[in-house]
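Structures follow.
In the two assemblies presented below, subunit A is common to both, partnered first by subunit B and then by subunit C.
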Partner chain A sequence: MSPVKPSSGPEPYVSHASLFETAKRYLTKTKSQELLLRSIILIFVYLLAFCIRLFSVLRYESVIHEFDPYFNYRSTINLVQEGFYEFWNWFDAESWHPLGRVVGGTVYPGLMFTAAILYKVSQFLTACIKLRDICVFTAPFFAGNTALIAYLFGKELKDTETGLVAAALMAVVPGYISRSVAGSFDNEAVAIFALVTTFYLWVRAVNQGTIASAVLAAFAYLYMAASWGAYVFISNLIPLYVIIMFVSGRYSRRIYVAYTTFWAVGSLLAMQVRFIGFNHVTSNELLSFNGVFVGLQVWEALVFLRTKLGTKQFGQLVYLTAVAAGAVGAAGTAILVLSGKLNPWTGRFWTLLDPTYAKKFIPIVASVSEHQPTTWASYIFDLHVLVFAAPAGLYFCFKRPTDGTIFLTVFALTAIYFSGIMVRLMLVAAPAFVLLSAIAVSSILQSASKELRTPAAAETKTSPVATRRGRTSASNEENITTKKSTNLMILGLTFLALWSYSSHSVWVTSEAYSSPSIVLISGWGPHRVVLDDFREAYYWLRHNTAPDAKVMSWWDYGYQITAMGNRTVIVDNNTWNNTHIATVGRAMASNETEAYKIMRQLDVDYALVIFGGMSGYSSDDINKFLWMVRIGGGVFPVIKESDYLANGDYTVSSRGTQTMLNSLMYKLSYYDFGNIMTEHGKGTGYDRVRNYEIGKKDVQLDHLYEAFTSEHWIVRIYRVKDLENRF
Partner chain B sequence: MPRLSSLEELRPSPMLICTLVLVSYFFVTAGIAYDIINEPPAVGGQTDPVTGAVKPMTFMPYRLNGQFILEGLSGGFFYTLGGVGIILLDLSRDKNQSVLFRNVYLGLGLAITILSYMVCMVFIRIKMPGYMR
Partner chain C sequence: MARQFLLPLFLLAALGVTSASKSVLVLLQNVNTADKYSKFFGSLRDYGFDISVKSVKDSSLKLKEYGTWLYDDLVLFAPPAEGFGGKIDRQVILEFVDSGHNVLMALNSDASESMRNLAAEFGIDVDDRGSKVYDHFSHATLNGKEDHTLIAGGNVVDAPVMVGGPYKEPVLFRGIASVIPGDAELATVALGAPSTSYSHAPKQAMLEPPSLMVGSSISLVTAVQARNNARVVVAGSLEMFTDDFFDAVVTVKGVSTHTSNWAFTVTMARWAFQDRGVLVASNMRHHLLGSDEQPWGYRVNDDVEFLVDVVELDGGVPKPFAADDIQLEFIMLNPYIRQPLQHDGNGTFSLRFKVPDVYGVFKYYIDYAHRGYSYIKLTHQVPVRPFKHNEYERFLVCAYPYYASAISIMVGFFALGFFYLYNK
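Moving on, here comes the complex of A and B:
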């Protein structure tokens, strides 16, 4: 192909500028400067989001934290080793003995698939990273992605500057870091990314009003539905937004197209997850999602009919249809509810609407510490200056409402309300706070810098104003808002506020959110003490017990025992069967003979308790014991909470009741403890967590014997004796 | 259709909604759900070991997951006040206001914002003595 000849000369133009001169020419253009600055900022934001979450890996080792991540890790191993179809149809016989658990149908597989895909990709690129390391670093990787999506979301809501501020704030907000540190291989690590992506793509779909953008949003919704149970938050928030837009008179054809496509494609995709299945159309939790779809179709049909018929005929038709639809709808809902076809709301979501529900009816939900309501201090601890900037952001959203900012307002208000009810949901409110604060901070910075950049225009404006109004007082009052010093001060204060925010975030991450709770680390430098009792005990179980041994412990430790100890457990963190957990609770709370009967029924070989009296570890089973009593007593009325309380006081000292001091939990925790001197100046058997001496110091066990106690007495394992010979 | 136009008049103004939102923000961040469920006392008491007298203790110490009612309300109040301060800062940019109002909004806004931040820092240091150490 011959080159096109320019009209100026016979030869095509070839630049003889050197690399340096070309670079200088590009760099002096504002557009390229802006692009360069934006790219550098986003790269640094990504690196910051990744690196701030690495404290526990750097301080100790790359290990998976907490309880739930161990189950996710075990599932990912299963997925990678056995393959997709084995994982999809997996029945796990190693937990919930003798019931087993249908893992394929009761798990949200998004996280496992993500980690498996990352593993396969890294193997393909011959990077050969171990699966455990992939799992540990999934969360920081996705945190960086969330920061970039926050940039896109801010850009969609307002402008590029807001996006950059949103990305920077999202990278270090402590509320999000708490559940996405390296090692926290839990659903929220990828789910928050999916949540913000779905919201961003939804706002984009509403702004563009095309089918393609809504389908993209539906695929993001699929990722969210596959990853976390809080997908119902999205499914209820988007219909709520449509209703609010309708009521405030901002309904448009774009919303209709976006919602209809999102409903159709999103429902179909979400139903592919085995755990969700047909729940998506029959459950009460998604009633508004499906109801708003029907309502939108009805409204558009009415609008269509009105353009075709005359006013009078249309009025008659509307009246008839409204009456008929109302009657049919009411009758239909009544029939469905009465015949039980509509599944009721699950207990966890009822708690969000009525906070006192769980306390009265479902002790298991109420006992989880993450489900406790939030105090004022959690807000400033998890969000720092964002709590101040968020109301200002709400004000900016109300001042100039657009489709996107109204969505952000609805999201923020529901998220803030729910974060007040459950501490765990602070995680969902954190992106809302970040986006609101980004709008506020970006508006402050923009107005201040705009004033700084136009000093000449302001000066020429004041003199014509003074002569037009004819008042001399106008020239006496200086307008301090336009003065350079004021705006520089505002910029400086914003800088200081964001500096304090980032230093707070780093301190909080380092001190509060980076503990690998499987290992207890305290002290610094030469005084560092590492308590690795959990892994010591689980590996003892793995190497020193029969492969088909069954271990009974409280449900908190089930996942860890199955993953690290490789033994079958009776109950684990999935807590799907309340009666089974109540049986274990009853066994722990009864005296040894009764407990032995229950343990023989359940085929238990080993009983495991966590005891903190020697080391000072305060989340031990004696502190959780009242919950065992409550949950057991909820199913078996023979266990009464008042039997374990001395004058309303929960104590294991000499004032404790006989039922308490004879219970299996007391015996297993304090066996042989009465002979130990734990503190100077105190007697033997001084419990360092409860801070008093225990009641019964010589504990005799008839039906169990001590098999293993870890170095600091944190994990204690007992072997259940066989039945005695009759002769 | 005549009914629709009356719906327009029924709709509240955005700024009224914003005010209601700020009031609800105050209540939620003050930990009202915690107060309803756990029913803590309004202030705690600290028994003086020597005299036996009970000194009122406003902040539940060393625990982020516990609060007294008054402590929660004061925290929530200062969060909302800080937000109002930033709103005032923005109100001072309105070119259609008189210069006096703009100056007052600016000064008041700066003072309130800085005050709220300082007070919240003091509060969190009282509640958690190990903060930023």
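Moving on, here comes the complex of A and C:
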């Protein structure tokens, strides 16, 4: 590959022999051997973290996965093509028709900036990498970086060995892999890196107590705030940590310096993100972040004043200050809340505190599968042996508490709580589990291997003592051998646990987390069928419809249609306007005549549904339909959920209600399906997802006609007719 | 975008060429009776129509050959015909209309089922076979015979572009009644029945009330303009097109008078064949005030001007259209602006307005449906974006306290730092 360099001849003063000598001398030192070993391990960890995430590319191809990544990809294209300022002010007229979306002001741009910078750098280095490939490989690349940061974090928390274990565990933890395989071009891909970096730099700032280190942490916080909405987790966790340190009597000037600097610089930086802006000051979600800052200042002022004033005067001052602060604070809060300056608690926030909140009040939040509460199985699935190692780590943290380990404990406990509420937040818990487990594993390994090694050394050293006290030597030796075997056993068990952890991770990654969900594969070996219906349909839209055509579909597919089909959509995965989504839900749930009115009002040209009855693809629109009914009914009470349920049962069989069987969604899904035999031995119109024959086989469409149906019937597109010419 | 501008121009060009000789196919029950309508056809020929008369049963009949339409307009003067010869049937005629061509059909009380079904396709309900329109008050006496089915008191609709007029002399009518059902949005009454009239089939027993078709709910001549601007006229009387009725001198309520049939029917036919009342909107454009370029979109609160040229074609000759009731809407889900366009007398309609303080994908929308004129329906999409980050006003007077506080903090910090560091 590399061209042969013209040989410049041997260097005049350094012969090969002397170079070899230098290297040999250097390598024989224990310290440099250890450094070399550590570097090699880290390089391998880095490569491992990168490579384990490439299953999807090898199995399928280099494509962007799922839903949200398509928006990120499209935004990145816009950023690269139009430039920074155009992206910053981007008003997207192709989504949320006719409302449009101010993308520049409603997006966390960190991911797009990252990919765009990587692209520019590769261009500068004359490496011709396609933007799509940059986007596909951003997540694995950052997973490697996260592993390195985990090394630094572990080192900061305990020691180098912990760092190495943390890096290795982090590289393959399935909870993190689930969101960072190649092609998963989502905010979390870079945000977990930013999160771990911020925590690492924060602990470092607390340990060092310098302004410079806190400023560094604030910049990491900026990256997090620019990348993911979970930055709020950081800006609540750090004040919580400060409060705990304060209460437990470990509060120090180092913490004061770190927090005050972090607050000032971090707030200013985070406010530069357009989506956050002044929310960072006014939002209730960040009340503790700002409140703790004020509290610290008051405390320090009091401490300062106490040294200057007498006890009596000081007591009066404290009393006066408390009364004044209480009155002003209460009045101020009341005014802010009443005038609406203090944002109300958002639903997503309530969900974190009360897991049942969303199900009761916000169907649109509850309808997202990644917002569901976590099951125990998924802890084992995503963390495996870490679930058992982490409590041990907690034990070690409590045994020898430092500022760093206390932070880790707080981080871990809150992360575990939040991960129990929402599946998605498993992602945040994974680093905490990794670090705790790293502490546990390295502590066990250290003590075990030390015990293994010391007897040999002790024997030679203590042999004169042993001869002097011959009586104890026999039992001592016996003791040593049993200890040795115990320690060997401990080492072996640890090795087994880690080995099963790594094989589990590889298995999970290859089986569960590497499907792009835009291309589906069913069956094995010679019966393998590749279902590429999504792209087939989106490219059909791109090439066969008017450039300004509007496509109505359920919001799940909005990002994909705009990115791959390049057509305007009514609603998409950025669920910012519940009413608009409810309008689409209402159209899907209404009968055809009613739906036609809604579609005409929204200028809809095409209606698109995902249908699995033919292929057995189970996450289709009929299975999501009840959510459409609920979301539509939440805004438009004419839609009632009970009308769609046959005696409380959701069914599209002949038991289904008339409302159900006449809804637009039923018609669009099952148009012409009644004539089809899908399985041997079953009647026509046998739905392979629901496993029964559909209720109404003769579906007639008046206001729409079928424009396109993909190979396996997964995507069906209908054209909305114009008004009748003569009536 | 370009398509929207070009289409009317092509249309204009097409109309300009074809109006020289628009070919009309006339189908009669009996070709030998063509002389009865000589004045009617003669007048149409004078207006430049190329008329070919054929029998409805002619086996060589065809409207379409090799995918092109052979005629621009179709006249059906064969009420009793149960079907058509050659390659014409109801479906072909509907297709003919749906592709923008026009039909004039005349019926009488002997109208066949197939003719009534055809009328029903255009949203017109024709009464049963054998029924006639009676009026015991507003009828005419022709040649000394008093005939209660010879209606002379019909109400010509007040739409001169469609029917001409106003007429001093009555329009004679003898034939079958029609009504326009409530859900037919596109049909309109061109000649309404007098309020004292009713429809009745003499061979059947008199009902009480006589029929559902009573008084002014009866339409004698009905005009339909389809959404693609194709026009259909259904007259309940074939006789009203005859030379006899054109030349007749009748006595109505004791007063002797000529009839307006000639002028009425010819005007009506010219309207039906899109020779009158055709509006063509073209050259739709919009720009910011102070700029001639058409932008991709606007910013909120921009001042903009919208312009469109509308001409009226009369006999194929364009002349500037003038009306005060063409409304422009600026819609995003709801119309934010709905205002009449101003015209300058030369056919250019315009409106200046301020874009609302709401961003989104707006559309200009004109939906002009004035009775007698062809529809104008224009839509054009314009995104309205919010301010860019550098487009907000700077150095606001009301923000001076904030500037002052920021600067004072900086100065104070500097002074304090200086004092703290160097004042030992």
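What we mean here is this: the second predicted complex is superposed on the first by the 672 of 727 C-alpha atoms of A that agree within 3 Å, B and C clash if a C-alpha of one lies under 4 Å from a C-alpha of the other, contacts with A are read in each partner's own complex, and residues count from 1 in each chain.
By our rule, contacts are C-beta pairs under 8 Å (C-beta built on N, C-alpha and C of every residue); 3 or more make two chains touch, one makes a residue touch a chain.
Computed from a prediction, not measured in an experiment: that's the story for all the values here.
*Asks:* Label the relationship between subunit B and subunit C on subunit A in the superposed model as either fit or clash.
*Replies:* Result for subunit B and subunit C: fit.
*Asks:* By residue count, is subunit A touched more by subunit B or by subunit C?
*Replies:* Counted on subunit A, the partner with more touching residues turns out to be B.
*Asks:* For A:89 in the superposed arrangement: first (subunit B), second (subunit C), both or neither?
*Replies:* After superposing on A, A:89 lies in contact with subunit C but is clear of subunit B.
*Asks:* I'd like to know which partner A:497 touches here: subunit B for first, subunit C for second, both or neither.
*Replies:* first
*Asks:* Tell me which partner A:601 touches in the superposition: subunit B (first), subunit C (second), both or neither.
*Replies:* Once the two structures are laid over each other on A, A:601 reaches subunit C alone.
*Asks:* First (subunit B), second (subunit C), both or neither: which does A:391 touch?
*Replies:* Touch status of A:391: first partner only.
*Asks:* Angle subunit B-subunit A-subunit C between C-alpha centres, in steps of 10 degrees?
*Replies:* An angle of 130 degrees, rounded.
*Asks:* Quick check on the superposed pair: does A:440 touch subunit B, subunit C, both, or neither? Answer first, second, both or neither.
*Replies:* first
*Asks:* Just subunit B (first), just subunit C (second), both, or neither: which does A:725 touch?
*Replies:* Second partner only, subunit C.
*Asks:* Looking at the superposed set of three chains, what is the minimum CA distance between subunit B and subunit C in Å?
*Replies:* The answer is 31 Å, the least C-alpha separation in the overlay.
*Asks:* Where on subunit C is subunit A touching in the complex?
*Replies:* By the definition above, subunit C touches subunit A via 94, 97-98, 121-123, 183-186, 224, 226-228, 230, 297, 331-333, 359-363, 381, 383, 385-386, 388-390.
*Asks:* Write out the stretch or stretches of subunit A touching subunit B in their complex.
*Replies:* Listed in rising order, the residues are 247-249, 355-356, 359, 369, 372-381, 385, 387-392, 394-396, 398-399, 401, 409, 413, 416-417, 419-421, 423, 440, 443-444, 447, 451, 474, 477-481, 486, 489-490, 493, 497, 504, 507, 511.
*Asks:* Can you list the residues on subunit A that touch subunit C in the complex?
*Replies:* Within the complex, subunit A contacts subunit C at residues 85, 88-89, 91, 93, 97-100, 102, 274, 548, 601-603, 722-727.
*Asks:* Which stretch or stretches of subunit B touch subunit A in the complex?
*Replies:* On the subunit B side, the touching residues are 7-8, 11, 14-15, 17-18, 21-22, 24-25, 28-34, 36-38, 64-67, 71-72, 75-76, 79-80, 82-87, 89-90, 92-93, 99-100, 102-103, 106-107, 110, 113-114, 116-117, 120, 123-124, 127-128, 130, 132.
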